[in-house]
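Right, I'll just put the structure down here and ask away after.
Every chain is named by a letter (A, B, C, D, E and F) in the order it is written, and numbering of its residues begins at 1.
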Amino acid sequence: MMKEMKRPERGKSLFRFAAPQLFYPLAGALAPWFAGAAAVLTIIGLWLAFFVAPTDAQQGEVYRVIFIHVPAAWMSMFVYLIMAFWSAVGLVMNTRLSFMMARALAPTGAMFCVVALVTGALWGKPTWGAYWVWDARLTSQLLLLFLYFGFMALTEAIEDPRRADKAGAIIALVGAVNVPIIYFSVKWWNTLHQGASVSLTKAPSMAATMLAGMLVMALASWAYTIAVTLWRVRPLILERERHAEWVAAELDALEGRI
Amino acid sequence: MLYAADLACLKGDRLLFRGLSLQVAPGAMLRIAGPNGFGKTSLLRILCGLAHPEAGEIRWNGRSIASDRESFHRTLLYLGHAPALNDLLTPLENLRFACAAAGDDVDEDVCVDALVRIGLADQLDLPARVLSQGQRRRVGLARLFLGIRRSLWVLDEPFTALDAAAVADLATTLSDHCAAGGVVILTTHQDAPFAVPPTVLDLSEVAA
Amino acid sequence: MSRTLGPFAAVLRRDLLLAWRGRADVLVTLAFFVVVVCLFPFGVGAETNQLRSIAPGVLWVAALLATLLSLHRLFAQDHADGTLEQLLLSPEPTVLWVVAKIVAHWIATGMPLVLVAPALALLFDVEQGALGVLVLSLALGTPILALLGAVGAALTLGLRGGGMLLALLVLPLFVPVLIFGAGAVDSHLSGTGADAHILLLGGGLLGALALAPVACAAALRIAVE
Amino acid sequence: MQWESWSAFWQMGGAAPFVWGSYGITALLVAGELIMVMHRRKDALRRLLRLRRARAGGGSGRRAFEEIVE
Amino acid sequence: MSRTLGPFAAVLRRDLLLAWRGRADVLVTLAFFVVVVCLFPFGVGAETNQLRSIAPGVLWVAALLATLLSLHRLFAQDHADGTLEQLLLSPEPTVLWVVAKIVAHWIATGMPLVLVAPALALLFDVEQGALGVLVLSLALGTPILALLGAVGAALTLGLRGGGMLLALLVLPLFVPVLIFGAGAVDSHLSGTGADAHILLLGGGLLGALALAPVACAAALRIAVE
Amino acid sequence: MLYAADLACLKGDRLLFRGLSLQVAPGAMLRIAGPNGFGKTSLLRILCGLAHPEAGEIRWNGRSIASDRESFHRTLLYLGHAPALNDLLTPLENLRFACAAAGDDVDEDVCVDALVRIGLADQLDLPARVLSQGQRRRVGLARLFLGIRRSLWVLDEPFTALDAAAVADLATTLSDHCAAGGVVILTTHQDAPFAVPPTVLDLSEVAA
């Protein structure tokens, strides 16, 4: 009775790929395609960014940072949401794979967070005259980075994988509940203390080509994230499932190649 | 009646046991034996529901303990390796708290009697911090002397640090509990003078 | 009723007794708060106007740090000596005694901070009318900190570097509380009125009270495994 | 084409350090992440293979990796 | 010679190994420092000029708190697991390995703070010329904090509420370091030049190095009895 | 030759013993016996110089240990109740550190051999945190198997948590140490198969 409950039926259910041994080869097959897509999109995006998009009337050329800055900022937030989603799925359905996905996503999310911060800082120096101001948007991005670090530090510090999974899932969910609270509180805090002396100087009407470049770069980031996550989750699956038969077969195939 | 089927326990890279099944009827005493590090403590924690087995299931009176945690824990008394003593509280306060936390309603006098009975008459209001090893152990064990009706006792090395007289006393109490229809599951490396020698489950024979 | 409240009352009574017995602890949390606040003039310089303008912030940050530091003790002792295992084996719902522990902890560490804060504010020459708002904001805010912090404390239980990891985990969560708490005093001082901030803090308290104990109980169960 | 010459392109209207710095750091971070992913993968596989060999090599026979009856 | 250095080298090597093995710990001390610094703007408001003027003070206070928090770990683990007893039974002089422990502790927790401080100073828009002075003052000051703190850690070893008691004991001792450290940066910024402050910090370091280990060794001997 | 005269130990307001004298010659084994809480641990700590007696003095080879701490501690090996293990380090690292800290220069191979000998071959590179109770105990005891020439061994309940085989092994090692002219002072509540039964000092007879 219990046994059947633990293992969902391998029928045509939606959760078919929740079985690690099915997902492992699927991930291996898909990752290169997404990586390829990411490369192609990046090239197109960079071409749009540097050779098609016009010089900005107010900011001059500095604005070209936007083509990585904004996609990175978007990604860093999306990735956290997806992480929280997988965590919730893991806690509710008790599927190991969901936890692994959450853990595989975190470093990439943190990486995008850093990219947004660094590019923002480098953009800020010439436009605002300072690498950093305590603007609401910047600050909530910084706190998001701490949330990522907290998640990663916690899951790293716990050795028992089952405990690490669940503890990470709890903190990811608590964080996700807090992200909007943090965002709005920070926004309010800032506007309370000082007017809009520093706000993002948006180009009045963003040229269509600029928008196109940004969107293409955003798509590239998506493809990149998916590819890297799939690559990262594969060895995680093997380590977790190492006592299962299919892993032994998989390792047999690898023997000699590593 | 405690029934466990097909249990497996994996720690890190090491499979401690698998396919382990056991069954303990009312009135029986089961001793989990085996050399150091063969998984006795791990097994007890799994049987209590504190840890989850890698595989297998456990039933108490026919119902899975995972699905019916509350009523299982209402009949369980587990004493682990750590004696669950707070160093700032006296033995009496510690004992009363342990009972209240477990949901038992126990009178102060009954607690005092149990502590005196177990040989802590002089230490009733010392903070637990200054007690000797054996005395600390005794405070934890005092819950067994309260006459509370919890039928399943799970004890991890209860004789550790006790002197010979205390070992004999405890062995008698355990035997009595079984005689009254209770169940005792314990581990120990020491011999103790039980009224009826316990059934032994040797993990070195089950070992994966 | 009284049956189910058993562990709740037992834990509450014991934890308060422990706080009383180890009252050095409680005094010292308070002392930490006081000392941190008093350190600031040394670090920042003693100019009265500047000090007055940063006072609400400094008081709130100090209260937050003091709470944070006392948090890792919330479950650590019980974890080390096996009491936590015993509590988890209790047939009653875990959430009950988790709340009891948090309440006891707040009474022992949070409440004294709230009571002493006005005196410190006077040292920084904060206007007397704002003291009420300061106390109210702390009274609503520090329980939120305790509730959120308890989740962090449960998650990091028994880990190496636990105390610091705890800090990393919960500080981002504490930020909104800090913003509204310090903001309440500031906006009172600037004449805007602190009602909105106080309401938000109250709402936050209710939210935290509803969610945090559940997360905390789940985390504790995972931690002893 | 926006640029009068390649040198104008590289100068980015005087904002070269900021623009190229941004792109450069991003490229470094992405490359670093990819290297780390590959590295982790190699590490994990090596570890698994080593453990497997240890089991194949006999030993105490009490080591894990016999599959568990699920 | 190498004979007497035996325990020194052994303790140093082991403690650095432990720091490495639990490197999460080290990173997290750092994270704490960063987070505390970043909290301030939320408390006191985001006005750049005000932030810039309190920045050296805030950085120094945060470094001091981070050091303080990591201190209770200095001997606690060894005390709990009996290693301290064994070390005290070593025939070699106690002072030797006490110094080794403090050095290892500073390398693992103090040094990272020193290295990361300039980056944080930039967040507060501190003038770039002052960064060197900031680093120098921290590099001289944090070892003093570690040395003084070690005495406090030894004195409060195994006491209930140890962490907080420790804070209370050592914070008054830390104040002069804080004053000279933050003062160095401030006086550089105001154009007075930081030499006098730096010299005083250097002298303090030598003094602490000479006295603190002896006091610490004595305190440890008392603590295990 | 360890010689103690007229020792007294006061804990709180309880006088554990007074006027206690003892003398242990090279090659002898002394077992401090007595019920829980009679002061065995307290006595051992006093004999090691970790605690100061209320009255009395202790001499090692004729010299007071208080005045000549260093050379006394160079010949002493004390294993207390706590096993002095750091949870993050492996058994091997723990053992090597214990030796280095004590001022002994021991080869890595010798340490490995001692650990394998004591039954931790499979646990050499696990962090100590995950070891079982008995395994933790064994790591501490491994120092006795290194063949280091420290003549005075003071052991507080060394047999706790060990399985039967390990108890026998340790008993043999202790007997061998005495046979080679060393001195062993220990406490235990368990019986162990010593080659020559140790002299017993029963604290319940000395008790104040």
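Please note the rule applied: a residue touches a chain if its C-beta (ideal position, glycine included) is under 8 Å from a C-beta of that chain, and two chains touch if they have at least 3 such contacts.
Chain by chain, the UniProt names read as follows: B, F = Cytochrome c biogenesis heme-transporting ATPase CcmA; C, E = Heme exporter protein B; D = Heme exporter protein D.
Not measured: the values here are computed from a predicted model.
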{"item": "Smallest number of contact steps required from subunit B to reach subunit C", "value": "1"}
{"item": "Most distant chain from subunit E, judged by the mean position of its C-alpha atoms", "value": "B"}
{"item": "Same or different residue numbers at the subunit C/subunit E copy interface, by half rule", "value": "same"}
{"item": "Chain separated most widely from subunit F, comparing mean CA positions", "value": "A"}
{"item": "Between the pairs A-D and E-F, the one where more C-beta pairs touch", "value": "A-D"}
{"item": "Inter-centroid spacing, subunit E versus subunit C (mean Cα positions, whole Å)", "value": "26"}
{"item": "Gap in Å, rounded to a whole number, between the CA centres of subunit D and subunit B", "value": "49"}
{"item": "Between subunit E and subunit F, centroid-to-centroid distance (C-alpha), Å", "value": "37"}
{"item": "Mean-CA-position distance for subunit F and subunit A (Å)", "value": "56"}
{"item": "Junction residues of subunit D, two or more chains touched", "value": "51, 62-66, 68, 70"}
{"item": "Of all residues in subunit B, the ones touching two or more other chains", "value": "10, 12, 14-15, 52, 81, 87-88"}
{"item": "Touching two or more other chains - residues of subunit A", "value": "3, 146, 149, 153, 157, 162, 186, 189, 193, 243"}
{"item": "Of all residues in subunit F, those that touch subunit B in their complex", "value": "11-12, 14, 34-37, 40-41, 81, 119, 122-123, 126, 130-135, 137-138, 157, 160-167, 189-190"}
{"item": "Sites on subunit E touched by subunit A in the complex", "value": "24, 27-28, 31, 35, 38, 41-42, 45-48, 51, 122-123, 125"}
{"item": "Contact set on subunit B toward subunit C in their complex", "value": "48-52, 69-71, 73-74, 76, 78, 80-89, 93, 97-98, 100-103, 105"}
{"item": "Touch list for subunit A against partner subunit D, complex", "value": "3, 6-7, 50-55, 60-62, 64-65, 68-69, 72, 107-108, 111, 114-115, 118-119, 122-123, 125-126, 224, 228, 231-232, 234-236, 238-239, 242-245, 247-248, 251, 254-255, 258"}
{"item": "In the complex, subunit C residues that touch subunit E", "value": "22, 24-25, 28-29, 31-32, 35-36, 39-40, 42-45, 50, 53-54, 56-58, 60-61, 64-65, 69-70, 73, 160-161, 163-165, 167-168, 171-172, 174-175, 178-179, 182, 186"}
